[in-house]
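Structure record follows, encoded as C-alpha coordinates.
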Amino acid sequence: MKIKVLAFAAFGEILGREREVELKGDASVRELLETLASIVPGFREAAFEPTGILRDYVLLMVNRKRIDPERDLSRILAEGDELAIFPPLAGG
Amino acid sequence: MKIKVLAFAAFGEILGREREVELKGDASVRELLETLASIVPGFREAAFEPTGILRDYVLLMVNRKRIDPERDLSRILAEGDELAIFPPLAGG
Amino acid sequence: MIEIAEKEISLDRMIQRARRNEAGAVVSFLGTVRDDGIEGMEVEAFRDAALSELEAIRLEAMSRFSLTAAEVAHRTGSLAVGESIVAIVCSAAHREEAFSGCRYILEELKSRAPLWKKEISAEGGRWVEGHGR
Amino acid sequence: MIEIAEKEISLDRMIQRARRNEAGAVVSFLGTVRDDGIEGMEVEAFRDAALSELEAIRLEAMSRFSLTAAEVAHRTGSLAVGESIVAIVCSAAHREEAFSGCRYILEELKSRAPLWKKEISAEGGRWVEGHGR
(Lines give C-alpha, C1' and ligand atoms only; values in the text may rest on other atoms or scores of the structure.)
Protein backbone atom coordinates (compact mmCIF):
# COMPACT_ATOMS: atom_id res chain seq x y z
CA MET A 1 0.00 0.00 0.00
CA LYS A 2 1.03 3.58 -0.63
CA ILE A 3 1.42 6.09 2.20
CA LYS A 4 2.06 9.76 1.61
CA VAL A 5 4.74 11.19 3.89
CA LEU A 6 4.93 14.94 4.53
CA ALA A 7 7.89 16.33 6.44
CA PHE A 8 8.55 19.85 7.69
CA ALA A 9 11.38 22.04 8.95
CA ALA A 10 14.52 19.98 9.75
CA PHE A 11 12.69 16.76 8.84
CA GLY A 12 11.64 18.26 5.49
CA GLU A 13 15.31 18.85 4.71
CA ILE A 14 16.15 15.21 5.46
CA LEU A 15 13.13 13.45 3.96
CA GLY A 16 11.98 15.94 1.33
CA ARG A 17 8.75 17.77 1.97
CA GLU A 18 6.59 15.14 0.32
CA ARG A 19 7.19 11.59 -0.78
CA GLU A 20 5.28 8.38 -1.30
CA VAL A 21 6.35 5.21 0.48
CA GLU A 22 5.31 1.74 -0.63
CA LEU A 23 4.72 -0.67 2.26
CA LYS A 24 3.99 -4.39 2.06
CA GLY A 25 0.73 -5.63 3.57
CA ASP A 26 -0.47 -4.20 6.88
CA ALA A 27 2.07 -1.85 8.37
CA SER A 28 2.14 0.29 11.49
CA VAL A 29 3.41 3.85 11.93
CA ARG A 30 6.52 2.35 13.55
CA GLU A 31 7.14 0.16 10.48
CA LEU A 32 6.75 3.19 8.20
CA LEU A 33 9.29 5.12 10.29
CA GLU A 34 11.66 2.13 10.19
CA THR A 35 11.30 1.93 6.41
CA LEU A 36 12.14 5.62 6.12
CA ALA A 37 15.13 5.13 8.41
CA SER A 38 16.41 2.34 6.21
CA ILE A 39 16.07 4.21 2.92
CA VAL A 40 16.79 7.86 3.79
CA PRO A 41 20.32 8.74 4.93
CA GLY A 42 20.39 10.72 8.15
CA PHE A 43 16.78 10.10 9.15
CA ARG A 44 17.54 7.40 11.73
CA GLU A 45 20.02 9.64 13.54
CA ALA A 46 17.65 12.59 13.43
CA ALA A 47 14.54 10.77 14.59
CA PHE A 48 15.71 8.01 16.93
CA GLU A 49 17.77 7.88 20.09
CA PRO A 50 20.77 5.53 19.89
CA THR A 51 18.60 3.15 21.98
CA GLY A 52 16.04 2.98 19.16
CA ILE A 53 13.37 5.05 20.94
CA LEU A 54 11.80 7.86 18.94
CA ARG A 55 13.31 11.20 20.01
CA ASP A 56 10.85 13.29 21.93
CA TYR A 57 11.03 16.21 19.52
CA VAL A 58 9.55 14.08 16.73
CA LEU A 59 5.91 15.04 16.30
CA LEU A 60 3.53 13.04 14.13
CA MET A 61 0.17 13.46 12.45
CA VAL A 62 -1.85 10.83 10.65
CA ASN A 63 -4.36 12.35 8.25
CA ARG A 64 -3.81 15.75 9.92
CA LYS A 65 -4.62 14.53 13.41
CA ARG A 66 -1.84 14.45 15.97
CA ILE A 67 -0.92 11.01 17.27
CA ASP A 68 0.84 10.21 20.53
CA PRO A 69 4.25 8.61 19.84
CA GLU A 70 4.13 6.87 23.24
CA ARG A 71 0.90 5.05 22.45
CA ASP A 72 0.04 5.16 18.78
CA LEU A 73 3.16 3.92 16.95
CA SER A 74 1.50 0.52 16.61
CA ARG A 75 -1.42 2.05 14.75
CA ILE A 76 -1.99 0.19 11.47
CA LEU A 77 -1.98 2.44 8.42
CA ALA A 78 -4.37 2.15 5.48
CA GLU A 79 -3.89 2.76 1.75
CA GLY A 80 -3.91 6.50 1.10
CA ASP A 81 -3.10 7.53 4.67
CA GLU A 82 -0.94 10.58 5.10
CA LEU A 83 1.78 10.74 7.76
CA ALA A 84 3.30 14.10 8.68
CA ILE A 85 6.61 14.34 10.59
CA PHE A 86 7.89 17.54 12.14
CA PRO A 87 9.79 19.05 15.08
CA PRO A 88 8.18 21.18 17.83
CA LEU A 89 6.16 24.08 16.46
CA ALA A 90 7.78 27.49 16.19
CA GLY A 91 5.34 29.84 14.50
CA GLY A 92 4.36 33.36 15.43
CA MET B 1 -5.35 91.43 38.65
CA LYS B 2 -6.43 89.33 35.70
CA ILE B 3 -6.74 85.53 35.90
CA LYS B 4 -7.46 83.37 32.87
CA VAL B 5 -10.09 80.69 33.55
CA LEU B 6 -10.32 77.62 31.34
CA ALA B 7 -13.23 75.24 31.78
CA PHE B 8 -13.90 71.89 30.18
CA ALA B 9 -16.72 69.41 29.59
CA ALA B 10 -19.80 70.24 31.72
CA PHE B 11 -17.95 73.17 33.33
CA GLY B 12 -17.06 74.52 29.89
CA GLU B 13 -20.76 74.60 29.06
CA ILE B 14 -21.51 76.60 32.21
CA LEU B 15 -18.51 78.95 32.30
CA GLY B 16 -17.50 79.07 28.65
CA ARG B 17 -14.27 77.39 27.65
CA GLU B 18 -12.14 80.45 28.30
CA ARG B 19 -12.71 83.72 30.10
CA GLU B 20 -10.77 86.36 31.95
CA VAL B 21 -11.72 87.29 35.50
CA GLU B 22 -10.64 90.54 37.14
CA LEU B 23 -9.92 90.18 40.87
CA LYS B 24 -9.14 92.97 43.32
CA GLY B 25 -5.82 92.81 45.20
CA ASP B 26 -4.50 89.43 46.45
CA ALA B 27 -7.04 86.67 45.90
CA SER B 28 -7.03 82.95 46.55
CA VAL B 29 -8.34 80.13 44.36
CA ARG B 30 -11.35 79.99 46.69
CA GLU B 31 -12.05 83.69 46.12
CA LEU B 32 -11.81 83.20 42.36
CA LEU B 33 -14.31 80.31 42.54
CA GLU B 34 -16.62 82.45 44.71
CA THR B 35 -16.38 85.27 42.18
CA LEU B 36 -17.30 82.88 39.36
CA ALA B 37 -20.22 81.55 41.45
CA SER B 38 -21.52 85.06 41.96
CA ILE B 39 -21.33 86.11 38.30
CA VAL B 40 -22.08 82.92 36.33
CA PRO B 41 -25.59 81.46 36.65
CA GLY B 42 -25.56 77.75 37.46
CA PHE B 43 -21.90 77.53 38.47
CA ARG B 44 -22.53 77.58 42.22
CA GLU B 45 -24.97 74.66 41.99
CA ALA B 46 -22.64 72.71 39.69
CA ALA B 47 -19.45 73.21 41.67
CA PHE B 48 -20.47 73.45 45.33
CA GLU B 49 -22.42 71.24 47.71
CA PRO B 50 -25.40 72.99 49.37
CA THR B 51 -23.11 73.20 52.42
CA GLY B 52 -20.65 75.36 50.50
CA ILE B 53 -17.95 72.71 50.18
CA LEU B 54 -16.50 72.17 46.70
CA ARG B 55 -18.04 69.06 45.12
CA ASP B 56 -15.54 66.23 44.88
CA TYR B 57 -15.88 65.93 41.12
CA VAL B 58 -14.46 69.44 40.65
CA LEU B 59 -10.87 69.12 39.51
CA LEU B 60 -8.54 72.11 39.35
CA MET B 61 -5.24 73.06 37.74
CA VAL B 62 -3.25 76.23 38.30
CA ASN B 63 -0.84 76.91 35.44
CA ARG B 64 -1.40 73.34 34.18
CA LYS B 65 -0.43 71.72 37.48
CA ARG B 66 -3.13 69.90 39.42
CA ILE B 67 -3.93 71.37 42.82
CA ASP B 68 -5.56 69.58 45.73
CA PRO B 69 -8.97 71.16 46.53
CA GLU B 70 -8.67 69.94 50.12
CA ARG B 71 -5.46 71.82 50.75
CA ASP B 72 -4.73 74.38 48.07
CA LEU B 73 -7.91 76.52 47.80
CA SER B 74 -6.21 79.17 49.93
CA ARG B 75 -3.36 79.47 47.44
CA ILE B 76 -2.89 83.10 46.44
CA LEU B 77 -3.06 83.71 42.71
CA ALA B 78 -0.78 86.05 40.78
CA GLU B 79 -1.41 88.27 37.77
CA GLY B 80 -1.50 86.11 34.63
CA ASP B 81 -2.17 82.82 36.42
CA GLU B 82 -4.36 80.36 34.63
CA LEU B 83 -6.98 78.29 36.47
CA ALA B 84 -8.53 75.26 34.76
CA ILE B 85 -11.77 73.68 36.05
CA PHE B 86 -13.03 70.31 34.90
CA PRO B 87 -14.85 67.15 35.96
CA PRO B 88 -13.16 63.71 36.29
CA LEU B 89 -11.24 62.70 33.18
CA ALA B 90 -12.92 60.49 30.60
CA GLY B 91 -10.59 60.10 27.65
CA GLY B 92 -9.65 56.96 25.74
CA MET C 1 4.86 60.79 18.65
CA ILE C 2 1.90 62.30 20.45
CA GLU C 3 -1.04 63.81 18.57
CA ILE C 4 -4.29 65.39 19.72
CA ALA C 5 -6.23 66.71 16.76
CA GLU C 6 -9.62 67.03 15.12
CA LYS C 7 -8.48 65.12 12.07
CA GLU C 8 -8.92 61.39 11.54
CA ILE C 9 -6.38 59.11 13.20
CA SER C 10 -4.22 57.13 10.80
CA LEU C 11 -3.39 53.99 12.76
CA ASP C 12 -1.61 52.57 9.74
CA ARG C 13 0.89 55.43 9.61
CA MET C 14 1.44 55.16 13.38
CA ILE C 15 2.24 51.46 13.02
CA GLN C 16 4.64 52.18 10.18
CA ARG C 17 6.41 54.79 12.31
CA ALA C 18 6.68 52.42 15.30
CA ARG C 19 8.25 49.53 13.37
CA ARG C 20 11.94 48.99 14.07
CA ASN C 21 14.42 46.40 12.83
CA GLU C 22 15.35 45.73 16.46
CA ALA C 23 11.66 45.18 17.39
CA GLY C 24 9.99 41.80 17.02
CA ALA C 25 6.56 42.89 18.24
CA VAL C 26 4.23 45.79 17.53
CA VAL C 27 1.01 45.98 19.59
CA SER C 28 -1.69 48.49 18.87
CA PHE C 29 -4.93 49.55 20.49
CA LEU C 30 -7.68 51.39 18.67
CA GLY C 31 -10.66 52.78 20.59
CA THR C 32 -13.69 53.53 18.45
CA VAL C 33 -17.13 55.07 19.00
CA ARG C 34 -19.31 52.10 19.92
CA ASP C 35 -22.92 52.04 18.83
CA ASP C 36 -24.88 51.47 22.02
CA GLY C 37 -27.83 53.56 20.94
CA ILE C 38 -25.91 56.78 20.40
CA GLU C 39 -25.60 58.87 17.25
CA GLY C 40 -22.07 60.05 17.83
CA MET C 41 -19.63 61.51 20.28
CA GLU C 42 -17.95 64.79 21.02
CA VAL C 43 -14.45 64.75 22.44
CA GLU C 44 -12.95 67.69 24.25
CA ALA C 45 -9.34 68.16 25.34
CA PHE C 46 -7.34 70.55 27.49
CA ARG C 47 -4.96 70.20 24.60
CA ASP C 48 -1.65 71.58 25.90
CA ALA C 49 -2.01 69.90 29.28
CA ALA C 50 -3.05 66.62 27.65
CA LEU C 51 -0.11 66.71 25.24
CA SER C 52 2.42 67.09 28.02
CA GLU C 53 0.73 64.46 30.20
CA LEU C 54 0.66 61.99 27.28
CA GLU C 55 4.31 62.66 26.55
CA ALA C 56 5.14 61.96 30.20
CA ILE C 57 3.14 58.70 30.06
CA ARG C 58 4.81 57.75 26.78
CA LEU C 59 8.29 58.23 28.26
CA GLU C 60 7.37 56.24 31.39
CA ALA C 61 6.17 53.37 29.20
CA MET C 62 9.27 53.53 26.97
CA SER C 63 11.57 53.13 29.96
CA ARG C 64 9.49 50.72 32.11
CA PHE C 65 8.88 48.26 29.29
CA SER C 66 12.03 48.85 27.20
CA LEU C 67 9.94 49.89 24.22
CA THR C 68 11.64 50.67 20.94
CA ALA C 69 8.88 53.13 19.99
CA ALA C 70 5.49 54.37 21.22
CA GLU C 71 2.88 56.47 19.44
CA VAL C 72 -0.31 57.96 20.88
CA ALA C 73 -3.09 59.81 19.06
CA HIS C 74 -6.37 61.12 20.50
CA ARG C 75 -9.11 62.58 18.38
CA THR C 76 -11.10 65.65 19.40
CA GLY C 77 -14.29 67.18 17.98
CA SER C 78 -17.38 65.46 16.57
CA LEU C 79 -17.12 61.75 15.83
CA ALA C 80 -19.61 59.40 14.19
CA VAL C 81 -20.29 55.84 15.35
CA GLY C 82 -17.40 53.60 14.28
CA GLU C 83 -14.81 56.38 14.08
CA SER C 84 -11.51 56.21 15.97
CA ILE C 85 -11.23 58.04 19.30
CA VAL C 86 -7.79 56.93 20.40
CA ALA C 87 -4.89 54.90 19.03
CA ILE C 88 -1.80 53.61 20.84
CA VAL C 89 1.05 51.71 19.20
CA CYS C 90 4.06 50.20 21.00
CA SER C 91 6.96 48.27 19.57
CA ALA C 92 9.47 46.22 21.55
CA ALA C 93 11.95 43.41 21.10
CA HIS C 94 9.45 40.92 22.55
CA ARG C 95 5.67 40.60 22.73
CA GLU C 96 5.32 40.83 26.53
CA GLU C 97 6.81 44.33 26.65
CA ALA C 98 4.82 45.55 23.65
CA PHE C 99 1.51 44.36 25.17
CA SER C 100 2.37 45.73 28.63
CA GLY C 101 3.45 49.09 27.23
CA CYS C 102 0.24 49.45 25.25
CA ARG C 103 -1.93 48.55 28.27
CA TYR C 104 0.03 50.91 30.49
CA ILE C 105 -0.33 53.89 28.17
CA LEU C 106 -4.06 53.20 27.74
CA GLU C 107 -4.84 52.96 31.47
CA GLU C 108 -2.69 55.97 32.37
CA LEU C 109 -4.23 58.01 29.55
CA LYS C 110 -7.70 57.26 30.90
CA SER C 111 -6.78 58.29 34.43
CA ARG C 112 -4.36 61.17 33.82
CA ALA C 113 -4.94 62.94 30.49
CA PRO C 114 -7.41 65.87 30.57
CA LEU C 115 -9.85 64.58 27.94
CA TRP C 116 -13.64 64.23 28.05
CA LYS C 117 -16.30 62.54 25.94
CA LYS C 118 -19.93 63.46 25.42
CA GLU C 119 -22.33 60.93 23.96
CA ILE C 120 -24.81 62.39 21.51
CA SER C 121 -28.16 60.64 21.20
CA ALA C 122 -31.70 61.51 20.07
CA GLU C 123 -32.39 62.74 23.63
CA GLY C 124 -29.43 65.13 23.59
CA GLY C 125 -25.91 65.05 24.98
CA ARG C 126 -24.55 63.29 28.03
CA TRP C 127 -21.01 63.70 29.38
CA VAL C 128 -19.43 60.30 29.94
CA GLU C 129 -18.86 59.82 33.64
CA GLY C 130 -15.17 60.16 34.23
CA HIS C 131 -13.10 57.96 36.48
CA GLY C 132 -9.70 59.56 36.24
CA ARG C 133 -9.06 62.25 38.85
CA MET D 1 -10.46 35.55 8.29
CA ILE D 2 -7.43 33.26 8.36
CA GLU D 3 -4.60 33.60 5.86
CA ILE D 4 -1.35 31.74 5.41
CA ALA D 5 0.46 32.98 2.34
CA GLU D 6 3.79 34.00 0.83
CA LYS D 7 2.55 37.49 0.11
CA GLU D 8 3.04 40.49 2.39
CA ILE D 9 0.61 40.83 5.29
CA SER D 10 -1.62 43.91 5.13
CA LEU D 11 -2.32 44.67 8.78
CA ASP D 12 -4.19 47.80 7.79
CA ARG D 13 -6.72 45.85 5.73
CA MET D 14 -7.13 43.32 8.56
CA ILE D 15 -7.89 46.14 11.00
CA GLN D 16 -10.41 47.66 8.60
CA ARG D 17 -12.14 44.28 8.27
CA ALA D 18 -12.26 43.77 12.06
CA ARG D 19 -13.85 47.14 12.86
CA ARG D 20 -17.52 46.97 13.88
CA ASN D 21 -19.99 49.61 14.98
CA GLU D 22 -20.76 47.46 18.03
CA ALA D 23 -17.03 47.24 18.91
CA GLY D 24 -15.32 49.89 21.00
CA ALA D 25 -11.87 48.29 20.94
CA VAL D 26 -9.59 46.81 18.29
CA VAL D 27 -6.31 45.26 19.45
CA SER D 28 -3.67 44.06 17.04
CA PHE D 29 -0.39 42.23 17.30
CA LEU D 30 2.25 42.29 14.59
CA GLY D 31 5.27 40.00 14.82
CA THR D 32 8.21 41.06 12.69
CA VAL D 33 11.64 39.65 11.82
CA ARG D 34 13.88 41.11 14.50
CA ASP D 35 17.46 41.98 13.65
CA ASP D 36 19.57 40.14 16.19
CA GLY D 37 22.41 39.50 13.84
CA ILE D 38 20.41 37.59 11.22
CA GLU D 39 19.96 38.39 7.54
CA GLY D 40 16.43 37.10 7.26
CA MET D 41 14.08 34.27 7.99
CA GLU D 42 12.36 31.42 6.22
CA VAL D 43 8.93 30.40 7.38
CA GLU D 44 7.44 27.01 6.60
CA ALA D 45 3.88 25.85 7.17
CA PHE D 46 1.94 22.61 7.01
CA ARG D 47 -0.55 24.90 5.34
CA ASP D 48 -3.83 22.95 5.39
CA ALA D 49 -3.33 21.70 8.94
CA ALA D 50 -2.30 25.18 10.10
CA LEU D 51 -5.32 26.79 8.46
CA SER D 52 -7.75 24.49 10.23
CA GLU D 53 -5.93 24.80 13.58
CA LEU D 54 -5.93 28.60 13.32
CA GLU D 55 -9.62 28.61 12.45
CA ALA D 56 -10.31 26.47 15.54
CA ILE D 57 -8.25 28.85 17.71
CA ARG D 58 -10.04 31.85 16.16
CA LEU D 59 -13.46 30.40 16.98
CA GLU D 60 -12.40 29.55 20.55
CA ALA D 61 -11.24 33.14 21.04
CA MET D 62 -14.42 34.58 19.48
CA SER D 63 -16.59 32.69 21.94
CA ARG D 64 -14.39 32.87 25.08
CA PHE D 65 -13.84 36.61 24.87
CA SER D 66 -17.08 37.65 23.12
CA LEU D 67 -15.12 39.08 20.21
CA THR D 68 -16.96 40.85 17.43
CA ALA D 69 -14.27 39.88 14.89
CA ALA D 70 -10.89 38.17 14.73
CA GLU D 71 -8.37 38.02 11.90
CA VAL D 72 -5.15 36.01 11.69
CA ALA D 73 -2.46 36.07 9.00
CA HIS D 74 0.85 34.20 8.94
CA ARG D 75 3.47 34.74 6.32
CA THR D 76 5.46 31.90 4.73
CA GLY D 77 8.56 31.88 2.55
CA SER D 78 11.61 34.15 2.66
CA LEU D 79 11.40 37.28 4.81
CA ALA D 80 13.86 40.13 5.27
CA VAL D 81 14.64 41.79 8.60
CA GLY D 82 11.74 44.07 9.58
CA GLU D 83 9.10 42.23 7.54
CA SER D 84 5.89 40.94 9.11
CA ILE D 85 5.71 37.27 10.13
CA VAL D 86 2.33 37.19 11.82
CA ALA D 87 -0.59 39.54 12.43
CA ILE D 88 -3.57 39.09 14.75
CA VAL D 89 -6.46 41.54 15.06
CA CYS D 90 -9.37 41.26 17.52
CA SER D 91 -12.30 43.59 18.00
CA ALA D 92 -14.71 43.55 20.97
CA ALA D 93 -17.15 45.80 22.78
CA HIS D 94 -14.54 46.54 25.48
CA ARG D 95 -10.76 46.70 25.69
CA GLU D 96 -10.27 43.81 28.15
CA GLU D 97 -11.80 41.27 25.78
CA ALA D 98 -9.96 42.60 22.75
CA PHE D 99 -6.57 42.39 24.52
CA SER D 100 -7.32 38.94 25.97
CA GLY D 101 -8.52 37.58 22.63
CA CYS D 102 -5.39 38.81 20.88
CA ARG D 103 -3.09 37.30 23.52
CA TYR D 104 -5.01 34.02 23.45
CA ILE D 105 -4.77 33.62 19.69
CA LEU D 106 -1.05 34.48 19.75
CA GLU D 107 -0.14 31.99 22.50
CA GLU D 108 -2.29 29.21 21.05
CA LEU D 109 -0.90 29.84 17.57
CA LYS D 110 2.63 29.43 18.91
CA SER D 111 1.83 26.18 20.68
CA ARG D 112 -0.66 24.58 18.27
CA ALA D 113 -0.23 25.73 14.66
CA PRO D 114 2.18 23.69 12.51
CA LEU D 115 4.54 26.49 11.50
CA TRP D 116 8.33 26.73 11.69
CA LYS D 117 10.94 29.46 11.33
CA LYS D 118 14.53 29.25 10.17
CA GLU D 119 16.92 32.09 10.87
CA ILE D 120 19.27 32.86 8.02
CA SER D 121 22.65 34.37 8.93
CA ALA D 122 26.09 34.63 7.37
CA GLU D 123 26.92 31.24 8.95
CA GLY D 124 23.92 29.53 7.35
CA GLY D 125 20.45 28.52 8.47
CA ARG D 126 19.25 27.54 11.95
CA TRP D 127 15.76 26.24 12.72
CA VAL D 128 14.25 28.18 15.60
CA GLU D 129 13.84 25.85 18.54
CA GLY D 130 10.16 25.14 18.87
CA HIS D 131 8.20 25.05 22.10
CA GLY D 132 4.77 24.04 20.89
CA ARG D 133 4.24 20.28 20.84
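We call the chains A, B, C and D, going by the order they appear; numbering starts again at 1 in every chain.
The working rule: contacts are C-beta pairs under 8 Å (C-beta built on N, C-alpha and C of every residue); 3 or more make two chains touch, one makes a residue touch a chain.
Only a predicted model underlies this, so the values are computations on that prediction, with no experimental measurement involved.
Student: Which chain has its C-alpha centroid farthest away from the centroid of subunit D?
Tutor: Here the answer is chain B, farthest from subunit D.
Student: Can you give the whole-Å distance between the Cα centres of subunit A and subunit D?
Tutor: Using C-alpha averages as centres, the distance is 27 Å.
Student: Between subunit B and subunit D, what distance separates the C-alpha centroids? Give it in angstrom.
Tutor: 50
Student: Taking each chain's centre as its mean C-alpha position, how far apart are subunit C and subunit D in Å?
Tutor: 23
Student: At which residue positions does subunit A touch at least two other chains?
Tutor: none
Student: Give the residues of subunit C that touch two or more other chains, as numbers and ranges in rising order.
Tutor: Correct list: 31, 106.
Student: Judged by the touch rule stated earlier, which pairs of chains are there in contact?
Tutor: Every pair of chains in contact is listed here: A-D, B-C, C-D.
Student: Which stretch or stretches of subunit C touch subunit B in the complex?
Tutor: 31, 43-46, 48-50, 52, 74, 85-86, 106, 109-118, 127-133
Student: Please output the residues of subunit D touching subunit C within their complex, sorted ascending.
Tutor: 11-12, 15, 19-36, 81-82, 93, 95, 98-99, 102-103, 106
Student: Please give the residue numbers of subunit A that touch subunit D in the complex, ascending.
Tutor: 6, 8-10, 12, 57, 59, 61, 64, 84, 86-92
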